[in-house]
Each structure stands twice: as structure tokens, then as C-alpha cells.
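Take a look at the structures below.
Both of the next two complexes hold chain A, though its partner changes from chain B to chain C.
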Partner chain A sequence: MSDSHSIVLEFDSVTKWYGSVAALLDVSFQVGNEVVGLVGKNGVGKSTLMKLAVGLLDPSQGAVRVCGSDATTRESRARIGFCPDFDRLYEPISGVTFVAWMLRYHGVAGRAATERAEEVLTELGLAENMHRPIREYSKGMRQRVRLGQALSHRPQFVLLDEPMTGLDPVARAELADLIRGLPQRGVGVLVSSHVLHELEAVVDRVVLVHQGRLLADGKVDTLRDQLPERPHRLRLKGARLRELASQLTAWPEVDGVSFLRDGLEISLSGHGAFYERFSDLASDWQGGVHELIPLDDDLAAVFGYLVE
Partner chain B sequence: MTTTTNSGPAESGMPRTAPGLSVLATTLESARQTLVMLRYRRILLIAPIALLLLFVITYVLAGTARSSNGANLYSVFAWWGLATVIVPWVTLFLGVQAVHGELEDRTSQYLFLRPVSRVPLLLGKWLAIATVSSVLGCCSAAVLFAAVAGREDLWPDGREPWLLVSFCIVLGIGAIAYSAVAVFLAAIFRRPLAWAAFFVVGVQMLAANLNVSAGMRQLTITDPLRRMTLDLIEPSRRLARSLWPAERNEALLVENGTGAFRLEFGSPICSLLILIVICLTIGCWRYARTEYESRSRD
Partner chain C sequence: MSIAHHYRPLDCERVSGFQRIWPLARQEMLGLFRTRWGVALYLVCLFPALGRLVMLLIMFGVVQIGPRSLQNRMASNMPASMDELNPARAAFYFESVLSTMPGMIFFLLLTSVVVSRCVARDRATNALELYWTRGISPWGYVFGKWLGGFLLAASMTVGMPLLLWISACFLAEDWTLMTDTIGQFSIGLLGIAFMTAIWTAIGTLISAIASSANLAMVAWSMLIVGSSAAGFVVSRVLDEDSLRSCLSFWEAGRVVVRSMADLPQRDVSVSGAFLMLGSLFGGLLLLVRRRMRVVEALR
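Let's turn to the complex of A and B:
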């Protein structure tokens, strides 16, 4: 959970109905000066949650607050930056003009708006192309323009919907650095992505939504530990695998060992105790242990377990 | 991509959360942006060619109508060509595209996320469409006048520039009214062009030609415009009949100086003002609702 003194987004028992269909049911969570990942399958209420967060929808019950103000107010909108996932912009004008136009509505004067737009787009790596019409942009360039309009007015809370889409690997890494750096400047971030391993690399914690409900909220490893009925699985590579397997099966925290083509897969019930014992074993093991990799400690695995 | 994008406000002297624009400034900014976007509309790119064609066709037609006089010919062309066809259709098309197009492709969300009221955003679009359509209407009227005036034999008593001024006034007022209807249709309906066609063909063509006692005529744009035109150009009975063929009240056809521009209830200008206010009020009310999406309309 976030520090209560720096809450930038707060969902307080929010329910949203579309007619007789409940899109969100009693959802409560907070975002502080941190990066929070929003995870959920398509159609589970993620888009509704985002629209509520940026004030494009009113909650049927509960309250959505941005920096303490109702999310639908002008004060809140001045503090929000939103990078949507849809790929439409003002096609005939240039990227810098588009960002400057949006800045104008924040009260930034013409020349200052253009200078700020140039500054942001340069920082986002669009310096060479920012004066070309948007219709000539590649998908990645368009994504940078969307990011630019979300960040240009220096919001206190940024909501990024699939921000990695269309970016090449280098740009993805740079964007990940950018997102990770935002909390240090007092900016809270809520980011959604279907690429869970990339999301995991940038977020401090995750909010999992499923069938309109908040399924989980916390750090990935904490959430994983809260699933005791799901044994941790490890892949092990090393020498003398048969002897190693026979030793490991005798340990109480090991539920089972199976042979892979080039190693072992180990199921654990108590992985903390296992690692303590295993470090002693591995240091003395003749021939050595080459690799020990957790197979289901990542966000994708946790998400999969939770929604099953 | 560097990581200084959200560097602190003090670094650039810009406030962290700059206040949004005032209502007037938002309206003007929205109008400015809409005007810039309209520049790229294909329909406006071909406008010079269309005006040239209009000139050539009118000039040729005027040459074949030697029994008529220039004033009558110009009035008939300007009324039936510009005031009832070109200005309504062009204005409704541009207005619907400017408002409805953004809602359909969701780029309006970028605007809705700004710290400004949505009402001036819509009013700005209306202002821009009204301006462009008025200018287009006046240019068309001028081109038409130039083409007819080019036939010297049609003007035995000399050319009448007042006709051009009159039609510019009427077309300008018409463009403002049609822009309001376009904004209303685009903000309310999911298929505004179909409703625009119904408005022009159904409401305008039928209702505007009903007997004057039928109050529905006051709800159209054509009827008040026609009465303004008659008031301004003070036509002969023959020309009045050409401009208003369905009118059964002979007295109305020869009645000039009826006070079409007097600001009193029931006058044509007042009817148009009421129509504009109603269209803009309902359009803004709908556009300004929080949960406003394309799919929620109709």
C-alpha cells in the first residue's frame, strides 16, 4: 500500500454499473509516488477502471479521487496525464503542434507551449521527426507523441495504457527507465500492459483485476507467498542429477522432484527453508550446481494462479 | 529517450499544474485549432476549383438566358444554388465532421482530459465552422455575381452590387444557423450525417414550403432566410414567385420591408436566433456530460 501522505490516486469502494452489468465491484486501492501495474485480462474492467481514474466516467458507488479531489473535476484533470492505448491522433499536424495544442488548454502560452512540446518530444527521442505530419509517423513515433502529451504539463499522476506498444526493444528499455524515474520526481504512475515481464520490471507493486473485482494488490513476491496451495517450482541444472534428486526428495520442504531433459524440476512447499539448506548443499556438491531458476515466481505465473 | 521528461517545474519556470484556460480563451483556442484542422479537409482543398467551375457554368448559363435580366438571374441562382443547397450541405458536412469525427475516432478524449470546460470546446468548433462556411458562402456569392455581371447585356440599367451584399448577409446568417444545427446533430446523434440529410431534405424542403399559417416553418432555416432575402432585395412579384414558388399567400410575395431583421418575437431573425440558441444549448448540455462517448449516443 502507498504512503498516505502522498496518495495521488484513490479508489474508495468503487462500483460501476453499465445498466444491469457490473463492470467494477467494490474496488479499493491507492497509488502513491510509485509505479503500480494494472493487470487483468481483456474485458475484466481494466478500461472502466482507467476511465474512472481519469474522470471520463462517474462511479455508480464509491469515490475516485486524484490528489484528494474528485477525479471528474478540472483540478484533477490538471494533475493527470493519460497515455491512451488507441492509435488515433490529429493526423495532418505535426507531433510538436499536437502536444503544444494540448498544452495550450493547460494555460501555457503559445511560444512556451511549443518550446515545452519540443523539449518533451526531444527527450522522448522524437527530435528529428517532431515537425513532420503525424500521419507519416511509425507506430513507435505515434506512441511517443501520446506519451509526450501525457507528460508535457508535468502531471502529478500519470496513467499509461499499454505504453510499450509499438516501441522497439531499445525504446522499451528507455521508456522503462523513464517510468521508473517518475516517482522520484513526485509522480505516481498507474501502468497497464499485457507484456507482464516488462511490466514486472518497472512496477513497485501490482493491482490485479478480474471479473470486475480487485483480485490482489501488492508486490509480486508478496502475492506469490500468499499462495501456499501453489508449490513453488524451480529448475535445477548441475552434475550427478540422480543423486541430487534422491537427496532433495528427503527434505520436508520439497514436495516432489521430476527429471527434465537437462535438469530437474523441483516443487517446494516452503521455499525459504529450502534456499537455506540448498546453499549449503550446492557449495559442497561435487561437480557443481550450475543453475537454479524459479519457474513461477514472476507476475505472469502469479496472475495465472490467481485467475484460475 | 532520456529520463528528464518530467523534470521539476522550477527547472523551466512553468507551474506544475498550470491553471486551465478561461471560457473565452478556451473557445477561441478551440476555434483556432478547428480552423487549422479544417485547412486539411479535402472539401476545402477543392473549394477553389469548385468556385472556378461555378463561375464557368454560371457564365455559360447566363449567356443562354438572354430574355431574363441579370438581377433576377443572379437572385435565382444565388437562392436556389447557394442558399438552399451548397451552404447547407457544406456547413452541415464540415460541422458534423469537426465534432462527430473526433468523437468517433476518440481523439476528443485528449480534449476531455484537459482542465477546461467542454462547453467552450464545442462553442469554439461552432464558431470555426460558422466562420469558414460564411466565408465560403460569401466567396460563392461573389463568384456567382462576377459570372452574371460578366454578361453586360443582362444589366440594361447597370449592375446592382447591393444584390451581392444582400446575399452575403443572408448566406452568412444561414451559415451560422446551419453550423449550430450541425453541432447539435453531431453532439446528439450517432449518425449525424443521416440526420443532417433528413433535416435538409425533410424538414427544410417540406416544412419550409408549408402554408405560412403552419408554425413549423418557423423551425426551419430556409423560411426565415427566404423572408430576409425578400426583405433585402425587394423583388418584383415575378422574382418573388421564383424564389418562393410554394407560397399561396400572394400578399406575402409583394410585401417588402416586412421587418425581417427586427428583433421581435416571430420575426425571421428572431426565429433563427431561437433555433441557434436551442441547438447550441442542447448540444453543449449533451457534450458536457461526464460520461460522453460515441456509443452512448442515440
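Let's turn to the complex of A and C:
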């Protein structure tokens, strides 16, 4: 949970009904000066949640607040930067013209809007290309323009919808760096993505939504630890695997060991204690231990376990 | 909270509703001129007015084509049935806009690219939410889109007759042409502006209910050309010419303008034309209201 002094977005027991269908049920969470990932399958209420966050929908019950104000007010909208999932911008105009145009809706006058647009696009690494028409931009450059328009009016909270879609690995890494750097600039971030392993690398914590309910809220490793019924699985590669397996099966933290083609798969009940003991064992192991990889500690595995 | 220097709150002024809408209208209006094809299209749409300008230059003897006596006959002794070719009559300046050919065709050409695609294009690219989170209401957004399209279309339908008329006033030997036509011309011009507003509003509303820009363009073209064809065929089959102004979207507008400017017309139903345009506008408005209802929180 975030520090109460830095809460930029707050969902307080929010329920949203579409007729007789509940899109969200009693959802509560907060976003502070941090990057929070919003994870959920299609059709589980993620879009509704995002629309509520940017003030496009009214909650049926509960309240959505941005920096303490109701999310649907103009004051809140001025504090929000929204980066929707759209792939085509206004192709004939330049990136700086587009961002300046969006800024005018916030009451920034012509010349000042252009200067601010140039400033934000320079910060986002688009200084050399911002005066070229958008139709000549790569996907990565377009994403920067999208992010630029969301940040141009200096919001305190930005909501990014699928920002990684369609990007090559280099552009993804660059965008991830940009997103990670926003909290240091005083901007809270809620980011939604289906690319879970990349989302995990960007976020401080995640909010998991499933069938309209908040399934989990926290850091990925904390959430993983809260699933004791799901043993941690590890893949181990090293020398003298049979001897290693026989030793490990005697440990109380180890539930089971199975042989793979070129290694072992270990199931653990208490992985904290296991790592302490294993580091001692591995340092003295004749022939060496080459690899020890967690198989289900990532966001995708946690998400999979939680929605099963 | 620690806010770095770069992200201190931006010094924004409180902006009125119109100040939010105007950038949208301006963008819509100028969007056509940002590509070479768009500029070329607009210039092509000016051909009918340029044709009329050449006629003016010939009739007033600025350009010498044919014997002088012919020019004099053309300018001074035309029968009333040929008012649309006589620069001394207000109808001359409206004909390039109101006629089915070339007026309707060039209007269709311009508006099918600009007006009919405006909202549908933004819906298809998910850009609508971008506007709505900027404090523009859905109706404000539709209004801004319409305003941009209207101003662009009006630059052709209103601007060109006005330029032609001013040119004629200066080309004429004295101010008689101006004093004789100013009343009828002004009302007719107002009528054209009104009809351009209605036509483009209907085009914008079609765009607002269509799921894709291409579908909106096809529906808009079908409405203009299809209703004209249907009006023509039905009026011929039933031998009732007034039906044309009740069935044809374009003809209805033409009848309204000619009626406002008190220009002669036969076998038309002005009330039928108003009814046709009004019901089309009202029906589309209801459909758009339903389509835009998703954004319930915006006030």
C-alpha cells in the first residue's frame, strides 16, 4: 500500500453496474508515487476500472478520487495524464504540433504550448524527430508522443494503457526506463499490459483484477509468498544430480524432487530456509551447481495461480 | 510528495467551453491542407466557382472571346429562364453551389473526405477517450468536429459565391448590379450558410454513429447520391415533381435556399423539404445520443 501522504489515485469500495451486470465489485486500492501494474484477462473489468480512474465513468457505489478530489471533476482531469491504447495519431502533423494541440485543452496559450511540447518531447528523447510528421515515426517514437501528450500538462498521475504493444525489444526497454523514472519526477503511474514479464520489470507492485473483483494487490514476491498451497518450483542444473537429489529429499523444506532431461525440478514448501541451506551446500558441492532458476515466482505464474 | 522541478504543476488558465472546442474545430478545418492530396482536392472543388469567374470575365469584357456583340447580348438581353447564367441576377452566384452538377458532386467530394470521416476515424483509433479526458464533453466534441467541417465546407459554398459577387460588383460599369442584387444575394447567402450547416451537421452525425470511417463515407455518399437518384426516379414514376424535394437530401436543401432567396422554382414542396431535413437531423441526433451515452460521467 502507498503512503497516505502521496496517494494520487484511490478506489474506495467501488462497484460499477452495467444494468444488471456487475463490471466491478467492491474494489479498493490506492496508487501513490510509484508504478503500479494493472493485470487481468480481457473482459474482467480492467477497462471499466481504467475509465473510472480517468473520470469517464461514474461508480455505481463507492468513490474514485484523484489527489483527494472526485475523479470526474475538471480539477482531477487536470491532474491526470491518460495514454489510451490507440495506434494511429494524426499522421500529417508533427509530434510537437500534436502535443501542443493537446495542451491547448488545458488552457496553455499557443507559443507556451509549443515550448512546453518541445520540452516534454526532448525529455522523452524525441528532440531530433519531434518536428517531423507523425506518419514518418516508428512505433517507439509514436509511443513517446503518446506518453508526451499524457505528461505535457505536468499531471500528478498517468494512466498508460498497453504502452508496450507493438514495440521492438529495444523500444520496450527504453519505454520501461522512461516509465520507471516517472515516480522520481513526482508522477504516479498505473500501467496496464498483457506483456506480464515486461510489466513485472517496470512496476513496484501489481493490482490483479478478475471477474470484477480485486484479486490481489501488492509486490509480486509478497503475493507469491501468500500462496502457501502452491509450492515454489525450481530448476537445478549441476554435477552429480542423483546424489544431490538424495540429499535434497531429506530436507524438510523440500516437498519433492523430480528428474528432468538435464537437471532436477524441486518443489519447495519453505523457500526462504531452502535458499539459506542450499547456498552452503552449493559452495561445497564437488563439480559445482550451474544453475538454479525459479520456475513460478514471476508475475505470469502468480497471476495464473490466482485466477485458477 | 517530492515533485521534481520539471513536474511542478503547469501554470494553466481556466478555459471556457469554446476555447476547448476551437482547437478541435481548427484542427479539423486545417487538416485537409496538411497533405498535398488534400490541397489538390480543395482546389479541384473550386473548379465550378472558377468556371463562373471565367464567365464573369467574358461577360464583362475583361477577357475577349468571340464577337463583342455576343458578349453584350449575353449580359443584357437574357430571358428570365436563363437567370442562372446572368450576372445581373443573384441566381448566377448560387448556381455553382446549388446545382446537382457540378455543385452537389464537388460538395460530396469535399465532405466525404472531411466531414463524414471526422468522428468515425477517431472512434476507430480510440482517440475519443483522449479528448474526453481533456475536459471536452461528447457533445462538445461533436460540435467541434462539426464546426471545423462546416467552416471548411462554407469556405466553398459561401465563400466562393461571395467572392464571385464582389468581383462582379467591381467588374460592372457602375454600382447598379450591387444595389439590384444585394438584398436577394444576402438572404440567399444566408440560406446557403444555413443549409451548409445542416448538411455538414447531418454528415457529422452520420460519422458519429458509424463504426468505421469508410462506412461513414459510404453512408454519406449513399445519402447524397442515392436520395437524389431515388427522388428523381420516384418523382418520374409517380409524375409528381414535388416529391423530388421531399426525397432528395440535396434537392431539399436547394429548395430551401431558393425559397429563402425568393428565387423562382416550380413544382417543389418547401414544407416537404424542411420535413425531410428536420426528420433526418432529429433521427440522427437521437441515434448519436444513444451511441455517445457510454461516457456518462462527463458533465
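As a convention for this text, the second predicted complex is superposed on the first by the 287 of 308 C-alpha atoms of A that agree within 3 Å, B and C clash if a C-alpha of one lies under 4 Å from a C-alpha of the other, contacts with A are read in each partner's own complex, and residues count from 1 in each chain.
Note that in this section a residue touches a chain if its C-beta (ideal position, glycine included) is under 8 Å from a C-beta of that chain, and two chains touch if they have at least 3 such contacts.
All figures in this text were calculated on a predicted structure; none of them were measured in a lab.
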item	value
Superposition on chain A - do chain B and chain C clash or fit	clash
First (chain B), second (chain C), both or neither touched by A:Pro163	neither
Which superposed partner A:Gly125 touches (first chain B, second chain C, both, neither)	first
First, second, both or neither for A:Glu75, with chain B first and chain C second	first
Which of chain B and chain C A:Ser6 touches, first, second, both or neither	second
Touching partner for A:Asn33 - first (chain B), second (chain C), both, neither	second
First (chain B), second (chain C), both or neither touched by A:Tyr105	both
Contacts of A:Ala171 with chain B and chain C, given as first, second, both or neither	first
Chain B versus chain C as contact partner of A:Gly95, first or second or both or neither	neither
Touched partner set for A:Asp85, first chain B, second chain C, both or neither	second
Shared chain A contacts, counted only where both chain B and chain C touch the same residue	54-58, 72, 74, 77-78, 80, 82, 84, 86, 88-90, 92-93, 101-102, 104-108, 116, 119, 123, 149, 153-154, 156, 185, 187
Chain A contact footprint on chain B (complex, rising order)	1-9, 12, 14, 16-21, 26, 29, 33, 36-37, 39-40, 105-107, 109-117, 290-291, 293
Contact set on chain C toward chain A in their complex	1-4, 6-10, 12-15, 19-20, 23, 27, 31, 34-35, 125-127, 129-136, 294-299
Of chain A, residues touching chain B in the complex	54-58, 72, 74-75, 77-80, 82, 84, 86, 88-90, 92-93, 101-102, 104-108, 112, 116, 119-120, 123-125, 144, 149, 151, 153-156, 158, 171, 174-175, 177-178, 181-182, 185, 187
Of all residues in chain A, those that touch chain C in their complex	5-6, 33, 51, 54-58, 72, 74, 77-78, 80, 82, 84-90, 92-93, 101-102, 104-109, 116, 119, 123, 149, 153-154, 156, 184-187
